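Shared between the two complexes below is subunit A, which has subunit B as its partner in the first and subunit C in the second.
Presenting the complex of A and B:
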């Protein structure tokens, strides 16, 4: 019986594992290999260059610009949806009229693809007829309008706003589930002990939402590291590389300049950064699990 | 040190009335136990007193002050929950001192008072532990500590021992009784569905059924003089035996094929439910049996033996019985312990 079970386990796992191996594991190891070569993506003849690609990273001004942008992007892409999602969840967790409709409205953007979100917000930011400038023009006058995606100072932040708009709904739903899981008697202790609404949130609700926060942050980190499509559709990393992130820089080097070896070296660095963040995340997860069970 | 008064309390959830016109006076320093089956409304009564639920009608007074619409924190009471309700992210000291820290009490004073309470409860060496690292009994003590430190006038306990195993429950029961003595003058209101807890802890018990108080009295008063079959059946384990019977014009009671004149006069006449506690029956010697019954099952409990008869009747004896299942045995009823309940 056990042998038969094992046979079927192997048979049923074969296809998904094969797909995973071909499309994830093999490209991952290939990237490591190509990062030590000068491959251009087409030529079957390429040379092993050792650590040259990694050495080149240190002299690449755009790489460090992309690192800073990635850090900004990740920090904002983590903080904004997390804080906004928490605030919305706390507001909508009460028995307010219409709360259910608002929950649905705030959740809807997550159902859209990043390309669609990017296109919607590109229209909103459009300098001549976009909704944002139309509102600014109506409220404050035309001199206050701005080319949101065309100026280096505002391009990245404009994409971050669009990104947060999409991601906040997911954080909100996770926090709403977390709020439901808080035992009501813990909140009743707050009532008996005389906690103010703010003390209740700060001293009890937020700490008890730490397991949810861990999930929200983990998803935000993963999504922000993957956040290439919305940047690609809204700014393409421009203007003047002002919204270049590591993923975007890697894409440009690999597929526009055909420096596949160097692009692979950037992707390895990105992978290592993700590994450090995920390692930290798992350590925190273990600590939280010890407290909250 | 406060008297708690409930005046015509009503509570409805939607169209469902769960507390129906309850009035009750709880003396200062009294240990009052609300007892009743699951869903009878006893926990709701406690929550109404605490202010965690609003009354639909009626008035609640604590220490003579009308607190009906007053916030829970301003009622000068403390509550111990069934689940202990300890904050998992705070250590023992943080949990005990939670209320004081909310009130922005100086850190030094919080530390002193937390240590003082912890020493009284024998948990001073656990102050840096997290709730997850504590046993059930220790968690219970921490929950009590958090209640004591507020120096309340009224203590509310909502089935605090239900989550403990049988042995620990007996120990904690004793500790709560000691605590009541130690906290001289503090009124305690305790909810349980366990009639043993009610009998052993209470100064007075309120037996609640379907949102109404069936009877209020001391444990022995309820045991020996239950007002109705519900109270009689709920108080005492094993439960009182009930048999269909009749009271004739002379006051003699007929049941189980026998007629007996109770030692106390019976005012009711006509058909009735006759109640006899298991310990008010004994095996008859030759010729003295009031009636006979077939023995179905024997439960030897060590200190006592329970005999279950087909009548159906349960008899409790403080001795081992030289009889076997299937035997027909004669039984004698204690004339002083016959309860007559009008239909």
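Presenting the complex of A and C:
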């Protein structure tokens, strides 16, 4: 019996594990190797340059700009989609006619591609006829033509808002799933004891949603590290690199300047940051599992 | 498990009315961007340039759609995207079924660590494997073909597919498998005749998720293809934007048409889609 099991394990795992090893695990480790070389992208030969690429990171002003932008992106990702998703979930978690339609509207953006979302929001920010300026002009009573995506001060934030618009639905769905797991007797006790709706939400519901919150925040942070497609179409990291993220900077150095060795060094840094976050996430998930089964 | 919704019925009070008003306002805000694209696609570029994008048009202008649909490049983008998306969706699910079955029904020493390592793969930014993959495919002459996109999406789909299939197969009673094996069935027969037919809901979840992600992907076709003959639809949108920088109506029409397959899947299989999203996120 056990011999047969061993046979089937090998047979069934062979294909998935080899594909995963060749196209994911091996490239991951090779990235470390190429980060010590000066490969330029097309020359079959390259030289080993030791820690030169990592030394270069320290003097790369654009790299630090990208790190700061990625951190800002993460902070916004923690605040905007999480709070808005929580608010929407709390509003929709009751028997309301048409609740389903509202839910569909709020998570519809998830199925759109980042490219289409970027395209849509580029028009909202369009200086001459964009919706945002039209509204501001209307409210202020005078023409307003700020070029949101073309100014270093507002480009990054404008993209972050567009990105949050897409992410909010995901947070809402996770919170809604979390809400269904709250035992009903607890809420009945609140009603019997005469708690106000606000007290019920603040003292009972929100504390019980901490596991969902961890998942939402971790996913938002992980997704924000991947921030690339939407930036590519909305600003391309510009103007003057003011909206570069690490992922964008890595792409530019590797595939625009053909500094693949240096790009690999940046991707190693990106990998290490992701590793820390994912490690933290998995530990929290384990703890959630232990508490809530 | 009943949701909280069933227990707390709402009666029409001022509080409820306010709540509904807030929801409607938020819903309008959320729909606005999508409506904007819809409106742009049925207006002439001249109207849009005159600042008239956001009003309801007096008459329907279908010229943008005609222009997009008669463009042979757009046909090519669509065919290329399908050629990549359908096989990569199928292959990644197939591989996930195989691995998920082993992790659920044939556990072994070290299986937990191996499983965790595979699942971790779905959280890393794809940039960390970009350069070596580019060198690999460049070396074997597959750059500017659709092969690398198919292969990479198949591999990158393995974590989520393995995760969901393992979780699903874990709910299939062991007694079922043991009974079948006592009857003389092989492990392969248990998998294909018992486990997979029971796993159809999980397969539907994965099919919707994988199709949407691969269809919408931008990074891999950007890296691996160069000529317009091999580009996929998302790159096509960006190219079109570069070709005529002011043909907003045409861009709007193409954006909508490019989103149509995933929109349709989403609207019809919403339940599966959301299940996949939440299961993938929570059950690490």
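Criterion: the second predicted complex is superposed on the first by the 271 of 293 C-alpha atoms of A that agree within 3 Å, B and C clash if a C-alpha of one lies under 4 Å from a C-alpha of the other, contacts with A are read in each partner's own complex, and residues count from 1 in each chain.
In this text, contacts are C-beta pairs under 8 Å (C-beta built on N, C-alpha and C of every residue); 3 or more make two chains touch, one makes a residue touch a chain.
What you see is a predicted model; the values in this text were computed from it and never measured.
Colleague: Quick check on the superposition: with subunit A as the shared anchor, is it clash or fit for subunit B versus subunit C?
Modeller: fit
Colleague: After lining up the shared chain so the two structures overlap, which partner does A:186 touch, if you call subunit B first and subunit C second: first, second, both or neither?
Modeller: A:186: touches subunit B, not subunit C.
Colleague: Just subunit B (first), just subunit C (second), both, or neither: which does A:34 touch?
Modeller: So A:34 only meets subunit C here.
Colleague: After superposition on the shared chain, which partner residues are touched by A:276: those of subunit B (first), subunit C (second), both, or neither?
Modeller: Neither: A:276 stays clear of subunit B and subunit C.
Colleague: With both structures placed on chain A, which of the two partners, subunit B or subunit C, ends up touching more residues of subunit A?
Modeller: After superposition, C is the partner touching more of subunit A.
Colleague: Once the two structures are placed together by chain A, how many degrees is the angle at subunit A between subunit B and subunit C, based on Cα centres and rounded to a multiple of 10?
Modeller: After superposition on chain A, the angle is 80 degrees.
Colleague: If we overlay the two complexes on their shared chain A, which of subunit B and subunit C does A:203 touch? Say first, second, both or neither.
Modeller: It touches subunit B, and subunit C stays clear.
Colleague: Could you look at A:51 and tell me whether it touches subunit B, subunit C, both or neither (first, second, both, neither)?
Modeller: Neither partner.
Colleague: Which partner chains sit in contact with A:62 here, subunit B, subunit C, both or neither? Use first/second/both/neither.
Modeller: After superposing on A, A:62 lies clear of both subunit B and subunit C.
Colleague: Aligned on chain A, what is the least Cα gap between subunit B and subunit C? Give it in whole Å.
Modeller: Taking the overlay as described at the top, subunit B lies 10 Å from subunit C at its nearest C-alpha.
Colleague: So which bits of subunit A does subunit B touch that subunit C touches too?
Modeller: Comparing the two interfaces on subunit A, one with subunit B and one with subunit C, the shared residues are 188.
Colleague: Over in the complex, which subunit C residues touch subunit A? Could you list them?
Modeller: My answer: residues 1-10, 15, 19-20, 22-23, 26-27, 30-34, 36-37, 40, 48-54, 95-96, 98-99, 101-102, 106, 108, 116, 118, 120-121, 123-136, 138-139, 151-152, 154-156, 158, 162, 187-188, 191, 212, 215-219, 222-223, 234, 237-238, 241, 248, 251-252, 255, 258-259, 262-263, 265-267, 270, 273-274, 277-278, 281-282, 284.
Colleague: Which subunit A residues qualify as touching subunit B in the complex?
Modeller: 183, 185-186, 188-189, 191-196, 199, 203-204, 207-208, 210, 290-293
Colleague: Spell out the residues on subunit A that touch subunit C in their complex, using ranges where they run on.
Modeller: 4-6, 8-9, 12-13, 15-17, 19-20, 22-24, 26-28, 30-31, 34, 39, 41-42, 44, 88, 91-96, 99, 102, 104-117, 119-121, 123-124, 128-129, 131, 134, 165, 168, 170, 173-174, 177, 179-182, 184, 187-188, 197, 215, 219, 222, 225-226, 228-229, 232-233, 246-247, 250-251, 254-255, 260, 263-264, 267-268, 270-271, 274, 277-278, 281-282, 285
Colleague: In the complex formed with subunit A, which residues of subunit B make contact?
Modeller: Of all residues in subunit B, those touching subunit A are 50-52, 71-74, 77-79, 81-83, 85, 87-89, 98-99, 102-103, 130, 132, 146, 150.
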